[in-house]
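Order as written gives the chain letters A, B, C and D; numbering starts at 1 within each chain.
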Amino acid sequence: MKKTRIGIVGATGYVGMELLRLLILHRQFEITTLVSQSFVGQRFSDIYPAFRGLIDQTLSELSIEQLANECDLVVTALPHGVSSKVVPQLLDAGLKVLDHSGDFRYRKLEVYESAYNLSHPEPELLTEAIYGLPEIYRDQLAAARLAANPGCYPTCSILGLLPLLKNNLIDTNSIIIDAYSGISGAGRKADLAFSFCEAQDNIRPYGVIGHRHTSEIEQEAGLLAGLEEAPAISFTPHLAPIKRGMLATIYAKIKPEAAQTDLTEIYDQAYASETFVRLMPQGQMPETKNVSYTNFADISWAYDKRTGLVKVMSAIDNLGKGASGQALQTINIMCGLPEDTGLLAAGGTI
Amino acid sequence: MKKTRIGIVGATGYVGMELLRLLILHRQFEITTLVSQSFVGQRFSDIYPAFRGLIDQTLSELSIEQLANECDLVVTALPHGVSSKVVPQLLDAGLKVLDHSGDFRYRKLEVYESAYNLSHPEPELLTEAIYGLPEIYRDQLAAARLAANPGCYPTCSILGLLPLLKNNLIDTNSIIIDAYSGISGAGRKADLAFSFCEAQDNIRPYGVIGHRHTSEIEQEAGLLAGLEEAPAISFTPHLAPIKRGMLATIYAKIKPEAAQTDLTEIYDQAYASETFVRLMPQGQMPETKNVSYTNFADISWAYDKRTGLVKVMSAIDNLGKGASGQALQTINIMCGLPEDTGLLAAGGTI
Amino acid sequence: MKKTRIGIVGATGYVGMELLRLLILHRQFEITTLVSQSFVGQRFSDIYPAFRGLIDQTLSELSIEQLANECDLVVTALPHGVSSKVVPQLLDAGLKVLDHSGDFRYRKLEVYESAYNLSHPEPELLTEAIYGLPEIYRDQLAAARLAANPGCYPTCSILGLLPLLKNNLIDTNSIIIDAYSGISGAGRKADLAFSFCEAQDNIRPYGVIGHRHTSEIEQEAGLLAGLEEAPAISFTPHLAPIKRGMLATIYAKIKPEAAQTDLTEIYDQAYASETFVRLMPQGQMPETKNVSYTNFADISWAYDKRTGLVKVMSAIDNLGKGASGQALQTINIMCGLPEDTGLLAAGGTI
Amino acid sequence: MKKTRIGIVGATGYVGMELLRLLILHRQFEITTLVSQSFVGQRFSDIYPAFRGLIDQTLSELSIEQLANECDLVVTALPHGVSSKVVPQLLDAGLKVLDHSGDFRYRKLEVYESAYNLSHPEPELLTEAIYGLPEIYRDQLAAARLAANPGCYPTCSILGLLPLLKNNLIDTNSIIIDAYSGISGAGRKADLAFSFCEAQDNIRPYGVIGHRHTSEIEQEAGLLAGLEEAPAISFTPHLAPIKRGMLATIYAKIKPEAAQTDLTEIYDQAYASETFVRLMPQGQMPETKNVSYTNFADISWAYDKRTGLVKVMSAIDNLGKGASGQALQTINIMCGLPEDTGLLAAGGTI
């Protein structure tokens, strides 16, 4: 079988690196082109010695022409505001694209521009791009030319809420999401705040008002609930001293008329045929270690009748289902492959 | 000046150890008696080599008579259900007692018995015992014979909520507390779930429905708000891979009539004269590292007008203000000393 | 192609778990039987929730008959002293065996009995068993009925020293090995010393005189150097607060007549055709993160002419090349498969 | 009693911060002046929020005149090459100085210039400066105008070797020092290599040939042994994922004529009257957690008659006895105070 040729633009960030880690085990994709502006001419394994003997390809500078010649599909792991300029050129060159930035995740231009404080050079692509969450948009992704890989917090949150929202069981204006992320979410960079000595043995909130992912969560929550207007959701991110992993604890008021609903059935039905969403057995809780280095989302829920709240606990690897694992799941779909190709692995475990 | 003689029963648990760490720098207290049933006859520094040359006292078995002879005040760091039997004997022997268990924290017997699934051998002491949170009960503690050291989660949560509750600004039935604790909260014990390999690089929820501290938080929240009936509060504890530290992120609906209240003033007033509560400057967030190894609580808040929620972030050291630091603050008060004696230290920092 | 049927006895320890993690990606082996005395009747994924949906097989008790019926090869991850009793029965039942304990690693009975303070029930098997270090014993392993998987410290140390020893370049009585291991080396167990709170933020030596692995290192060093008598080697293990990973820093006196030898050539020649030994490029040092979750050994060396010492730095994953990765490499060989089958993966990286 | 007025130049690095943490508890010193070029005009507690309410002093720029007016003694925590220019001015202004850099640690100009690749603007001060290791130079420090705070690795190593060297028991050319440091040793800075994601779960060697501290160790070892020429010592530093702490494992050949010496007596005698060196009881090993946040050095040794080597294990906090604790011990001496003033505290423990 002819392999699909994959290029990665922004290969040396953590998202690119993790995608490459996964692709080593993928037999239907061929990595043809690795672009990294900062490290042109060096080998990928010079930057990440863990990959010596596995991915020793040389990093090249961004050339749309080269990518067009060498690839069938390109994954762009670029900063927002940069993706919106590069992706249209890749599409024009006939390539399929999965973009990891926030630049194509929004349906409404004004929400994007407000969240990212940027104007969008190609707003019509917001209409074309498909939000790359296969558990919702699998069918559209199969036909997509452009997929927008979701944010890590939105993936973690939306998967936790999906069965409740689709079945109209909760007050959408009561949703509170309290989430903790591993530090790799901040990307690969020298920054005192993320240095070992400053970040180890520490937990802390950040972005408590107005974090960008709020609007992304609200958009998808509103769509799932069939609302015209996105609900107002409270979202608070925190950092924990783990390299990878994300845990969202989500609170929502069960609607009075839904108080007797069998949530077990609701969750089971929603995810019965999903490979990468694992509902925890009774009495077990999601733990980030169980999903780290994987594409799984582990989810549990509990209804507290004293307060009328349902609590949902959702754990992913922020670089796995929250970034590169999900990207691979989506490009598998975009390329007509079984979506679990290369993804059925146990993670970091201990 | 004659020093007050202090005994510790349960000296070799983490709470006892941390109290001893603090007492080394305390010049008005003399540690006379260290009781540890498991290590009778060994020196404290045999169990904790960090204390060699500092606390080499021999551990003795529990003897009410010996404690009565050697001490003025005894701190009991015993399991619940054990404290309720030992403390009355200490009181009968004429000693002042600060108890760290849950056995004397409750005003209502039935709440205790339901939360701890135990009957109480001396329920009348529930009436006498003062809840050892100096920021609320300072005056009563000064005259108390028996103080009940609060739980770590209740301390962290109640300090965060206090200004809002006292000023009647929030819907008490809307309170949601999402909290993360360091692993020392589980105590000093061999347990696979808390082994390094299982707990490192991992975050996880536990006790999501019905954690004991819920009722303790509800009791104090109700009292602060002047309610006859304690409110129903949603509380979810989690574990983070830090030895010490606790962060509570608290959500509550601002009452419509309070929407214009100047929360800055409310918080400033509530804590203007408190040494151990530090309100963060604008734009800074509490971080557990800043309070670890100290008795400080660092608190910040934000009002999100989109959702009508106030978010409060409160950080303590679960062994500091959440246990032994607070114990020392309280026994300072019980013994007529300035309550910051021995407690004004910068913590673990980096 | 008919798959080789593999059984694992002691499947729920960390060595068994890691082997299962690797086998998920292995297409020529079929896991037929998982034995765990402690968890009979439970599913493997009940013990390790990270494996839900991947390995949900039920754990069974030890039955030689069942293993004989269901397997072609059995990996035993049992305590020393237990393996020596179980392995002979498996061999008698016609199975190939790779044993992970120390029971079959020694050529001389008296060295084993002294190191492990045990008598050996089947000493003649010491003659038959092949030491499972493919970089030395590849050919014998291909024909072996019984392989003895090496210890983690010996693997790390011997791979570092092999080129020097085989070429007779160092004074074998001058060898000093200073090694640090991740805490998973202590196994999966509840033990206060390995609890998160006691082990985090801490490094410490242990077993400074007479650690068992000393004699195993000495045996293989002596054989590589062609000595009749094993040399006396100084070996000091330490613990570092990492789950996985091992770094040995090795010191040896270069023989005067070898002072001019080109060590680069010596190392390059020794490992030119080895997939799993990676010599670091000039100026780079082995780091445990680069080999964690893999079967690689990363090795570097430096000659210090001031002291006449060569320093060798060797890094492996104690559960990878130090245990389960190496086990898989060896059973690949024992089963006639390419020895890298299922092992060419990038590791934990970040 | 009139307090001694202390200034710190370079107050916001980790060494300055740790010194301030210690000084909070010190009653005979008054912190008058904090200099930090990078943060002029900000409060110290803006940079380190852990110090809010404890040290809120404003940081000023470097002014010799101001320091001369406000201080009796100045601690300089500046980069090497900068100290050598600033310190002479402070001395000229009549101040006592403890300098933390490498600029005044060497007796021989050429050794300094070779190790630091710098020329020295005031080489005559090398003769005057006293090496600030109180266990050796206590008497000279009491009269010193300028003390050179030792490096962390030299402190850890020399304290471990001192009894052997002073008693002439080991072959000084056989010494091998294998040491691991916490990451704070690299200082407070944004650097990808020391970021959480790159440094966590990792151990690695660095500076394996020619680390600067080698020559400092050799100088003091030679002086202790009474040698004219410093011996050639093999020293290899490594990084471990701990914020603080340092463990040196030291190997040396016992001289044949010393094989029967009672090392217990040798060590006991050497350190009988030292407060900050703690010899471990039989069977216990130094662990970095036991000394972290303290000025203690915990030391153990073992003689291996098979190899003729003595192994010494020495643990300190690289910011404690390896930097700021030692600085405080020394300035106590320089100011005529008991040298343990402000230093008798138990450390981070758990």
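Assume a contact is a pair of C-beta atoms (placed from the backbone, for glycine too) under 8 Å apart; a residue touches a chain by one contact, two chains touch by 3 or more.
The model shown is predicted, which means the values in this text are computed figures rather than measured ones.
Enquirer: Touching both chain A and chain B, which chains are there?
Expert: Intersection of chain A and chain B contact lists gives C, D.
Enquirer: Could you tell me which chain lies farthest from chain B when each chain's centre is the average position of its Cα atoms?
Expert: Looking at centroid distances, C is the chain farthest away.
Enquirer: State, to the nearest whole Å, the distance from the C-alpha centre of chain A to the C-alpha centre of chain D.
Expert: Comparing mean C-alpha positions, chain D is 47 Å from chain A.
Enquirer: Can you check how far apart chain B and chain D are, centre to centre, with Cα atoms defining each centre and the answer in Å?
Expert: It comes to 37 Å between the two C-alpha centres.
Enquirer: At which residue positions does chain D touch at least two other chains?
Expert: 14, 184, 188, 197, 201, 241, 243-244, 287, 289, 348, 350
Enquirer: Under the touch definition given earlier, write down the residues of chain A that touch chain D in their complex.
Expert: Per the stated touch rule, the residues are 14, 183-184, 188-192, 194-197, 199-201, 241, 243.
Enquirer: In the complex formed with chain B, which residues of chain D make contact?
Expert: 14, 17-18, 20-21, 24-25, 46, 48-55, 184, 188, 201, 243-244, 275, 278, 280-281, 284, 287, 289-291, 293-294, 296, 298, 344-350
Enquirer: Would you pull the chain A residues touching chain B in the complex into a rising list?
Expert: So the residues of chain A touching chain B come out as 173, 176, 178, 180, 197-198, 201-206, 208-209, 232-234, 236, 238, 240-245, 247, 249, 251, 285-289, 292, 302, 304, 306-307, 309, 311, 313, 315, 348, 350.
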